[in-house]
Every structure is written in C-alpha cells, then in structure tokens.
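Next up is a structure, given as structure tokens.
Letters A, B and C mark the chains in the order given here, with residues in each chain numbered from 1 onward.
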Amino acid sequence: MKRSYFAAPYGLWMAVFTIVPIFLIAYYAFTLGGGFSIENFRMFLEPAFVGILTFSLWLAFLCTVICLVIGYPAALLLAAKDMKRSSIVVVLFVIPMWMNFLLRTYAWMTLLEDTGLINRFLEWIGIGRQRLMYTEQAVLMGMVYNFLPFMIFPVYSVLSKRDERLLEAAQDLGANAFMTFLRVTFPLSVPGIVSGVTMVFMPAVTTFVIPRLLGGGTFMMFGDLIENQFLTMDDWHFGSALSLIMMVLILISVGILNRADPSGQAAEGGGLW
Amino acid sequence: MKKLISILLTLVTLAPALPAMAAEEVNVFNWEDYICEEALTLFEQETGIKVNYMRFTTNEDMLVQVRADPANYDVIFPSDYIIERLINENLLEELDFANIPGAAYTLDWLQSAAYDPGMKYSVPYMWGTVGILYNKTMVKEPVTSWTALWDEDYRGNVFMMDSIRDTMGITMKMLGYSMNTRDQAVLEEVKDKLIEQKRSGIVKAYQVDETKDKMIAGEAAMGLMWSGDAAYAMGFNENLVYVVPDEGSNVWVDAMCVPKGAKHKTNAEIFIDFMCRPDIALLNFEEIYYCTPNSGVIDLVDEETLANETLFPTREIIDRCEFYDDIAQELQAYNRIWLAVKSAR
Amino acid sequence: MKALRRAYLGLVLVFLYAPIAVLVVYSFNQSETRAVWGGLSLKWYQALFHDKNILDALYVTVSVAALATMAATVLGTIAAIGIHSMKSWTRDLFMNVTNLPMLMPDIVTGISLMILFIFMKVPRGYGTMLLAHVTFDIPYVIFSVLPRLKRMNPNLYEAALDLGARPQTALLKVILPEILPGVITGALLSFTMSLDDFAISYFTSVRTANLSMLIYSMTRRKVPPTINALSAIMFVTVLVLLFVVNNRGSDTGRGRGTSGGSAP
C-alpha cells in the first residue's frame, strides 16, 4: 500500500466538512429566488453596508496599531538578554490568553459599567461618573485587551531566537543603540510583526461578541452583520454573500502580509504562529 | 502520557451517557428567563419525561432555528404574530386537546384570537404589554408618553430593545400610527426617528434580557421593556415604575405550540397540559411576573396582587393596545430599516 | 533604565491582569451584587458545585475537547504521514486545504458548517459540535507533525522494511516514536483550541451549550456570582498547569504554548 493513501480519510473528511460547506456558501451567495443572481453582492454596495465594513476595518486597524505600539516594546523587553533567564515573566504574559475569552470580556463589563469599579473610583476622587460602557472606546479596549498577546508572542518568539552576536557585532562596528535597533533588531523582527499583525487584525475584523457585549448593540461590525443575517433576519443569501466577501478579504490581506515578509516565515502554518 | 490516555479513555466511555438516551424526553425551546426551574423538575419527577431545555432571545431568533430544523423541538413558545406566520407556513402540528384538558383554564378573551382562528395550534402561556420602565429618582416628571424616549435630557440614559417589532412598533405609536403599518412612507419616518434618537446619543444600548438587571442597578433612567421583566425589576428596586404610555402600545400573547414533525408530540402535549395546571402556572407566574392567561391562577392569588396593574393590566390599558399582525410581505422592508438603525453612527 | 523597563512590563501586566483579579476578588464576596462588599465567603464555590447548568456545560466542554482531540490526533497524524510521502501537486492541494480552516474566520467556518448540517437535516447538538471541533483541530495536528516528519531520516522506515518488519510494525515502532513530540504538541494545541472555542460551537450546536456559549448567554441576562468562582478556579488551574509544563522542559512545543485563545 502506498503511504500517500494514508491521507485519504482526512481528504474525505475535509471534502465533507470544509470544501462542501464553502461551496454551499458560494451557492447561496450567488442565488436568489431560485436562480443565479448577483443581487446579494449588489445589495452589499449600499452605503449602509459598505459603511459597516469600513467601520470594522477602521476599528480593526486601530486595534492592530495600538497592539503593535503597546506590544512591540513589551516583546522587545521580554526578549532582552537580561530577561531570558526569567521565563516566569514570559509565562505571566501567556496566562491571560488561556482564560476563556468570554470571561475576560465579561470582566471588562464589570469594570466599565456605570456602577462599576472604575466609575466608583472616579466618583471617589471627585471626577464623577463617566460613560465608559457602550462606547466605541469600550469596544476598542475590549479588542486590544483580548488580542494584545497575539501581537506580543510572535514578535517575542522571533526576537528571542535572534543571534546575540549580531548585536555585539553591530556595537563593535560603532553603531549606537538606536542604529543597532534600526538596522539589526527591527529587520529581524519583521516576520514576527507580520504574523502578529495577521493574528490581531483577522479576529478583530471578524469579531461579533466584543461589540455585542461592550458596545451594547449600538455598534454594528461586519461579524455582527453576518451573524444577524443568519440568526435573526433569516437571509442566508445575503449572509452568504457577506461571508464570501469576508473570506476573500481575509485571504487577500493574508496574501499581502505574507508578501511583506521576505523570509516567508510567517507563511508557515498559515501565518498563525 | 499513560495517565493522559487513561483519562481520555474514561472520558470517551462517559461521553455517550451525556446525550441522554432516555426513552422518554421532550425538547422545549423557550424564551430566556421564562420559566420556573422548579416546574421543570416537578414535571420530570411526576411524568418521568426528561426535559431538554433550550432558550432563545427574540421571536425572530427562534423562528430561524425552528425553520432550520423543526423536528429538533417538541414545544416552542412563539408570540402571536409568529404563530400566525408558522400556521401560514404550515410549520405547526394541530394539537390533540384530549391530551391537554388544562387548556380549559385559558381566560375567555384569549380563547378567540385572530392569530390562531379556532385555537387549534396553540395554548396561551403568558401575555403582557410593552411599556417604559423608569427610575423615578432619575426623571424630571412621571413618564406618560413615548416621546420621553426621545427627550435629549436623558442622553445616554435610555435602554432600547434589540427586537425589531417592539422598537419599531412603539415608534409608530409615538408618531400616531398603527403598530402594523405597511405604509412605506411611515416606515421611512420611523427609520429617521430611530436614527435621530441613536445619533443624538440618547440610546445607551439595544438589548433585551440584560435591561432588567441594569435597571435594578440604576444604570439608566428608563428602558423599553416587556411588562413581566418590568414587574420583576420593580420587585428589587422600589424606585422603578412601569407605564404603558397614553399613545397606546402592544399587547401580546406567547403560546405553546408543537412544530411540524416534532419527535415527541404526545410528550409535548403532556408538557403543555402540565404548564396549564394552576399550581404550576402559579409557580411560573410568581417567578417571571408576566400576566397569566390561566383562570386557575387568578383564583389562587391575593387581592393585593390582583390590584397590581403591571401584573394584571386593566381593561382600559388593554384597550389602548393592539396585537401585532404578521407583516410577512413587508418583513424585508422592516428588516432593512432595522439594519439601517443598528448600523447608523 | 532597567527600572524603567520593568515598570513598562509591569504596567502591561497590570492591564492584562486587572480584570481577572477583579473576578477572583469578587468570587469571595459574600454579597450577591457587585455594588456591595459583604465580607469574605466561599459560598459561591459551594454554589458552583451544585449549579447544574454550569456543571453540564463544563462537562460538554471538556468531553468535546477530549474526544475531538483524540479523533483529530489520530486522523491528523495518519494524514500527515500520507501527505509527507506525496508528490508535488497532490501535496500542494492537501496543504492548501489544510490551511483553509486556519485562515477562515471562525464565524465563517461556523456558519458554513451550520449550513451543511441544516442542509443535511442533522439536528445540531453534541454530535455536530464534536464534528465541527474535529474539523478545526486536524490542521493543528498536521502542522505540528509535518516538521517532525521532515526532520526524520527517510531511510529509517526503509531499513525497517528491509529487516523484515511489516509496514504496520515499521509505522508503529519506527515512525511513531520519531514524530511523537509533534503528535503531542498537536494534541495539546487541539485541546486548548477546543476548550476555548465559542464562535464555531455557537453556530453548530443549539441543543447543547459548552462553557463559552453558556457564559455568552449569561452575559446577555444575568451573570451569577458562581461564574466568578469558576473564573478563579480556571485561573488557578491554568496557572498551575503552565508552571508545571514550563518547569518540565520545552518538549511540548516551544513558542507554541503561546497560542491560547481563539477569538471569534
């Protein structure tokens, strides 16, 4: 027996549970009232829907930038030579990721609500109650909180593998700390940044739970819209068209990101690690 | 590694026990927070039928799931206009009332309903109104009109409902139209009104089941609510007041039905009958505080409870209200407006 | 300078831990509402062990994760061996299909499976949730096992055959021990992905709720304080497990242990 046949059961499995479902989505996306139609895609071009998409992209972009700004220095510090021995600190950064993400989001609800801890603190120091929940900032905060580790770790894991001698060599050749960073460390970390950006941006664009819980239904994001079409409006055709659009969008952005990474390291495993 | 494998193996052998292959079962699909858990336990004890209990948030959410696989459910609890649609789409089983003697407890005025002519498919479970629950320490004057929900003094202080018919319906009432309007121009007006309310920052959130606890905690001055949730909240915070505004509102009935092709129809009917038993209906009434359609319960409660207008709305209040019709033809238009409101910024 | 660095890392950690700390602290609160501190109490921990909804959901979560992990590990390991010995174009095809579920947003995966199950008239519950979990778990196993196969000396298997071993024996006695670390990594990854999944389970099961689904439905009405107790227990479990794994050594996939949450 040829060993390549070993993959047959898996091939069958994926055909049934991955390929066929995608074709079903495509089928619903391109039909309406029993016949072929591109009406579902035309409908998407209405300002309201395009607006939802651009809003989601914008929020996801902001979230990615914030994660990068906060996460990159953290990863850099974690990978620094004097930190290496204290792997406990690294583990400390991992732990929150292992908590159920709904629990983490719920925790923020208890902090941000009008009668929550932050507001009670603000009242106590005399600033008074602020509206924190159900705002764009709350949604953004929730996303940054949930996805920050996805930025820190890819960058950290690339930087921690870098060859220390490169840094020493740069210094020996007269580069100051800044130049060393710019010419050595930063280029080395690009694959990590690429996979970090992918890992933050993707879930941020598609999330529907965080805006629902922290935005109180006042912000509709693209994931919300899709969920809503399937679970409330019962419009599989439009919903499928939206899902297809999202899929294509993700595939394109992953493609672009992988191209931005010359070493192709982030492409391994679909850029997920 | 060996330990890991043995743990996994134990789990495998245990797992099949979970989907409970009990001979007798009934799959119940009900609203969130809409039953007394004790009633379910009593049902299981007395009949030996296991209840698989599932929950939904709005009529529309429920309808999607029932349409997707009707045979997954034996008893569902849709509202009037959804029952009308389910009947029209031939998605309900006719009930065998020989198995449901308890249906006789249903109040007379609920026995002749337009949504189910001849009452062949449904047995009322609860009924109620839609109104405003407000915190009297947080408003400048008692609320009597829907326009309060558009008052800019309450910016960021109003909970609206994440439910298409209710939020759009009360807007129609405020504008002086019927809640069942199909007029495109009126629908546009409703859309503008709701977007205006959202853009001016009055709406704190669109939600359903969360509102009652947030109102108890004093998170907002007022919220659009169903009467039972309001009554529940009032039990925990004495500053809360429920009002059905003068312009009128919606009165609704949630009834128990059996979807087409239900796998345990007889068990479903036994369950429905059990819910009609006055002592059980009383348990549910005292737990969820919606208006009871059960004459047997009314005989069991005291004078003071009967006088509570939230629990037992007066004729005058009911007359101000109307039922929702199934607007199947205009559904798409309603949905589009609702999406426009939800996505407005 | 060093102090400044520490301060920065400290701040990020505070941000990451503050919400969790709040849940843990409230889990000891005697009073039911968060508005009042009623003194220390363990009553929510007691209540937790009598809360049928939570215990059922916990059972579903763990059993689905365990079963899906086993199925995915077996299927995935065998598939990886098959893929490894493939010629170029079939190999590319398989790799692309394997990549697909990892690239697709959870919500789309969930919805596509929901459509499939409804289309096939399969009632959505425990079984469908399990099938969905196996589907998204397999790629993790394949991607963990393949690098090990690449590193293996291809002559080992041939040598075993030349020495008279039957193919099955050669597979079990020669290949499996070589790739075992990859298999374990894949299984661990699958297990954590399954444990934490919300979006895919949400669309593929109506009848049975896992923990994520239960917490989601609770946040939409009222979250009982028992959930705080549950959070605290989960936190401590994760804490202990990670430190144990960390001290044990790095065989369980360096850099990969960092991949906890899936995020719908």
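Quick notes on this structure:
One rule holds in what follows: contacts are C-beta pairs under 8 Å (C-beta built on N, C-alpha and C of every residue); 3 or more make two chains touch, one makes a residue touch a chain.
All figures in this text were calculated on a predicted structure; none of them were measured in a lab.
The pair with more inter-chain C-beta contacts, choosing from B-C and A-C, is A-C.
Averaging Cα atoms per chain gives one point for each, and the point farthest from that of subunit C is the centre of B. Centroids built from CA atoms put subunit C at 36 Å from subunit B. With centres taken as mean Cα positions, subunit C sits 17 Å from subunit A. Along subunit C, residues 35, 219 each make contact with two or more other chains. Looking at subunit A, residues 115, 230 sit in touch with two or more other chains.
For subunit B, the set of residues touching two or more other chains reads 207, 217.
Those residues of subunit C lying in contact with subunit B across their complex are 33, 35, 59-60, 62-63, 66-67, 69-70, 118, 121, 123-127, 184, 206-208, 217, 219-222. Touching subunit B in their complex are the following residues of subunit A: 48-49, 51-52, 55, 113-115, 131, 133-134, 215-220, 225, 228, 230-235. For subunit B in complex with subunit A, the residues that touch the partner chain are 58, 60-61, 63-64, 67, 156, 162, 164, 198, 203-207, 214, 217-220, 335, 339-340, 342-343, 345. Subunit A meets subunit C in the complex at residues 1-11, 13-14, 16-22, 24-25, 28, 70, 73-74, 77-78, 80, 82, 87-89, 91-111, 115-117, 145-150, 153, 156-157, 202-203, 205-209, 213, 223, 226-227, 230, 236, 239-240, 243, 246-247, 250-251, 254, 269-273.
For subunit B in complex with subunit C, the touching residues are 1, 7-8, 11-12, 14-15, 18-19, 27, 32-33, 52, 54-55, 57, 65, 68-69, 71-72, 207-210, 213, 217.
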